[in-house]
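The structures come next, written out as structure tokens.
Next, two complexes with chain A in common: one pairs it with chain B, the other with chain C.
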Partner chain A sequence: MSSRTIIGALIGAAALALSAGGAAAQQQKLKVGFIYVGPVGDHGWSYQHDVGRKAIEKAFGDKVETTYVESVPEADSERSIEQLARTGHGLIFTTSFGFMEPTLKVAKKYPNIKFEHATGFKRAPNLATYAAKFHEGRYVIGQIAGKMTKSGTIGYVGAFPIPEVVSGINSYFLGAQSVNPNIKLKVVWANSWYDPAKEADAAKALLDQGVDVVAQHTDSPAPLQAAEARGKYGFGQASDMERFAPKAQLTAIVDNWADYYVERTKAVLDGTWKSQDLWGGFDSGMVVMSPFKNMPDDVKKMAEETEAAIKSGKLNPFKCPVIKQDGSEVECKGTGALSDEQVLGMNFYVKGIDDKLPQ
Partner chain B sequence: MTTFEAILLTIVTASTPLLIASLGELVAERSGVLNLGLEGMMAMGASCSFAAAVTFDSTLMGVGAGILAGGFMAALFAVVVLGFAANQVGSGLAVTIFGLGLSGLIGAPFVGARRDPVAPLNIPGLVDIPFIGRLFFGQDLFVYGSIALTVAVGLYLGRARAGLVLRSIGENHASAHALGLPVLRTRFLAILFGGACAGLAGAYLSLVYTRFWSPGMTAGRGWIALALVVFAAWRPRWVLIGAYIFGAATVLQLHAQAAQFGVPSQLLSAVPYLATILALLLLSLRHGRAIGTPGSLGVPFVPDR
Partner chain C sequence: MRFELTPRASISALWRALAPVLAFITAFLIAGLVIWLMGRSPLAAFQVYVTQPLSDPWALQEILVKATPLALIAIGLSYCFRANLWNIGAEGQYVVGAVLGSWIALRTHGTDAGLWVLPAILLAGIIGGALYGLIPAFLKTRFGVNEILTSLMLVYIAQLILDYLVRGPWRDPKGFNFPQSVTFDPAATLPPIFEAGRVHYGFVFALIAVLVTAVILGRTLFGYRLRLSGDAPRAARFAGFNSKTTTLAVFGISGGLAGLAGMSEVTGQIGQLQPSISPGYGFTAITVAFLGRLNPIGILVAALVVSLTFIGGESAQIMLKLPLDLTQAFQGILLLCVLSADALVSNRIRFVVRGGAK
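Then we have the complex of A and B:
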């Protein structure tokens, strides 16, 4: 944790020096700042946000200037955010749920600066929120897993039993069940977002117990790589992880923030930026499936059709009726499917998952 | 390969880095130096070994680089705590912070690279024995090395004169100094050994365990290794037992989850810690001796003029 503080301090100092020297010269340039929760080199979450940052630079050239601070501890993020605000940034993206309160606080202090917070729900006139419907992708990989498994048992390495992860597990299972009604699912919690060695052990435990397709909601490529080593299958998480497991990766759910970041930067440049809340799925381009590989053509075709159906709105992973484990039906608060709020607050397993959700 | 064998093999993989790192720390602490830089030294070992292994396409080069990287960090630490007699807790923490940061910098160009698995060293004939064959005679060199290291450290501390000197320095450096024993030199070498072991443990993580590098991948294993030394009451054999109990509990709790016994996963995650503490506590109770904390542990030594 302290290493992050040091890196943060160094970058902060560098940013200060820069702004002191060239404040006048850079008046016309829009400075866009990013706060990341992990290292840019995590292969996953923060890495994908940085891909988005680079897309801004590419799209607007010398009209913009971007900065990022990586590995910012959530509890101590206010300093880093305020640092960006003080050093002339016009648009600041904070990219983890835990940055919510600090971002709100700084946003109130600097009403002329635009803020964008990922995965949160607190907004202000100068603070917008955005997130992605990853569970849409998980329905697709669930169907693929249901088709590809020979043992009839598929696995899932989860980080923590929070709604974001639980809705992913349910969506994955419902997808698998839709093509393979007798499918069994085993879930192992790593109790960590990022511990490559432990994630690998979790995947190995699943594989040892007869699982032959492993999905994951932790951040490193380790589970996928464990599947590759055993000649089994898996999926990439957050970014395309094919290079780690060329034979095992069936596809990856890729977070694509680039289009959104470019669009929002353009809005600031044009003076049309407004606070909003966007929860985008396949249709918004925020969730993208990497190429379907290592599977027969009919499975590939099915996956592509499902992806298209979800994208066009014809198919919703949580279409009603959704049945809980105890057989009771979940009240349908959306139109023909569960509402966004219900998905965002999901704290139950669907019927057919033969396990208890830790709470 | 049966499920049982597969589980045992995973346990060996999970335990080995802890064992190697703990042994190094044990020697340093027996000489009276508390090295809290373990986590940073491990991280440096993981990143440098991976960088070297990819650059030269050689696991051996990787292992060498890991050991050197750990040793280099240890030398820095030694200069501060021995040369300047600085506070060991503060210096150790600084080394951890520095090591985690520097390892990220060194490893940055190698993010996303991958290595093929290190081939196990099968001992012909013996490896085919059912059940125990692969477990005892089909491991990689790191595993054999870690067991050999345990025996060597045990013999060194218990039977060798040099080991006796090291222990007496750890117990009371003033008396040892009065007897003309080389306090600072012995401690310097002990710290170097500890760093080299931490580097080797890091190399095991990135070259064998996960086979890729990413920042912060040690994920607290250095701290666990540190705790193991204390709970093992500074005895090499107990460190071996503790590391394997911890590794076994870590792997078995994941299996228990997959087997759907219905025990909350948060509780299962705590099992490795509880099991290790309990086992080593029972061991030390049975032995009926006082926990053998080295008398001068953590106390800076300034030779009188």
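Then we have the complex of A and C:
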């Protein structure tokens, strides 16, 4: 059939183009590419990665050129990643869990290009992974919430019940419980990383149920704004969202990718880049709390002390024993606390959360 | 003063053929103007959007990959739309087809089940999509429920079923509890047409669907029945055509093709089940079906054009740093221009002065 031969010719030519793309990557100026799952204007997750991208441009000036592709659907991302690989990018960051398999596939095809995948667990000689221990920050905001609530019920807007979100909810609750033993937590799932309307609805549903402090693990400022509109409290997600809710934001857990991105870009420029797995928290500077505001001095002091204790390693949000909802104790696989693997794969609620984890 | 559209007595075949071409030119002129107003070169944008993808073998291949599900679904939808039945739920039929087929893939995972696996998976995909498509058809024929609403609502049910499965029973036990299935075995993977390429056999299925549909619509009684029940339902009834069987048939075909598209995408492209397996192909295909004027060849061309705007838009983000919003706006402009051109070919604009005779 003629279409078969045409396609055959196309693919032969494609192979040529591939090798040409590889050659282009050897050029002097390093091109650094980014794949974002949301729009850069989400003011949360993708926005914060873009802050990191701009930091690379600032740090290396005309030695680098950066590119991003935004709102890339995860199931359709392989082509977008390969587009970057083919257009001479030497270092490519894919910044959502769902990009894992496609990144791995493209990385295998382009062994000379360095890839960095955020929040995943599959690596290759030219594919590193990195993530941040956001649950450390969530323990701090949990304590603040436990102190600030008047109704005794706090809320949480979750994106999807994946381990990263679940461990955040547990850490938040354990923090709150540590200062307020009778605290109650309500969780609403938005089933989206970025959907301001749904996120706001979720927050309003919580506020209607008597929640007066709303934490969120979705990317837009909408839940925080909903709290602001009702005169309640909330926390910024991924970036400092104070300008969206000056009265409601108590603090924000800021993802600071900038230092890491600059460091890894430098490694590629110096020729010292190696595949690795980095999971950084307060100590690495990857997770930062924005200024504590709208709270009494004693709460502020407590939050600062907790932050310092986690940073120095004195306090671990998941120190043993950790008790599951059914009352059973989780096997302690780390030293005095749950191991990294246990936190990374967490799929249970801790005791005291009066809700059922969607399974 | 206002204007009014009145149907033309005779429609010029020449204009009918020229309409899409003019629509494209107009759309590019409008988009070019926007790009120029943004301070960029419209010529460079045209180069990146259109010329480069069409002259680059890799991009051409990607266009075919993206056009595959769009064409398959849109071909199916054309059966419904021709019969004036509004299946808005192809996205759901796509998902259910993929789910039913994946069930076989997961059950045979890790076994050395033979060559029958892949055909069985694809067949299950077709059956799953068809059965799911038959639900709104049954509700319509039996109870007179509006099929637009039911087919659309069933999309969300399908997506949540998939979501439940990949978070629960079908979750990869070694995947750190992340919501995704295991990656399928090679026996359950739709191979690329040529080694190391990305175009999989789904594209061949799309071509077959186009050819078979062209034959059915042009040369069979069933095709005639479809056209008639769409254009003149009363005449169709007088002729003794049963509208209920037509409804069931077109929803079955449409759902089956959407299911095949879903299964091809999962086994040929994604390689596993995830909470989301479509960036909205089932909805984009509605646009594709109308851009192609419900004609099989037209739909194939429209699917390729819509894919081109996706790929070109991505290149524009990478090469020219043009925002994604511009791509989306351009797709909207293109659709508006095509529909307007069609309307103007079959209608005349009349200016009516206020108070003037009707």
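The definition used in the following text is that the second predicted complex is superposed on the first by the 333 of 359 C-alpha atoms of A that agree within 3 Å, B and C clash if a C-alpha of one lies under 4 Å from a C-alpha of the other, contacts with A are read in each partner's own complex, and residues count from 1 in each chain.
Throughout what follows, a contact is a pair of C-beta atoms (placed from the backbone, for glycine too) under 8 Å apart; a residue touches a chain by one contact, two chains touch by 3 or more.
Please read all numbers here as calculations on a predicted model, not as lab measurements.
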item	value
Contacts of A:Asp76 with chain B and chain C, given as first, second, both or neither	second
Chain B versus chain C as contact partner of A:Pro161, first or second or both or neither	both
Touching partner for A:Val188 - first (chain B), second (chain C), both, neither	first
Partner chain(s) touched by A:Lys274 [first = chain B, second = chain C, both, neither]	neither
Partner chain in contact with A:Ala222 - chain B first, chain C second, else both or neither	first
Contacts of A:Asp42 with chain B and chain C, given as first, second, both or neither	first
Partner chain in contact with A:Ala200 - chain B first, chain C second, else both or neither	first
First, second, both or neither for A:Pro358, with chain B first and chain C second	both
Touching partner for A:Arg86 - first (chain B), second (chain C), both, neither	second
Shared contact residues on chain A - chain B and chain C	3, 7, 39, 71, 161, 191, 358-359
Contacting residues of chain A [partner chain C, same complex]	3-4, 7-15, 17-18, 33, 39, 67-71, 73-76, 78-80, 82-84, 86-87, 97-98, 101, 121, 160-163, 191, 341, 344-347, 358-359
Residues of chain B defined as touching chain A within the complex	3, 6-7, 10, 13-14, 17, 93, 96-98, 100-101, 104, 107-108, 111-112, 114, 117, 205, 209-212, 214-217, 219-221, 250-251, 254-255, 257-260, 262, 264-266, 269
In the complex, chain C residues that touch chain A	56-58, 60-62, 64-66, 163, 167-168, 176-179, 183, 193-194, 196-199, 207, 269-272, 274-279, 311, 314-315, 317-319, 321, 323-324
Touching residues on chain A, where the partner in the complex is chain B	2-3, 6-7, 39, 41-43, 71, 155, 161, 186-189, 191-192, 194-198, 200-202, 204-206, 208-209, 211, 220-222, 225, 229, 243-244, 354-356, 358-359
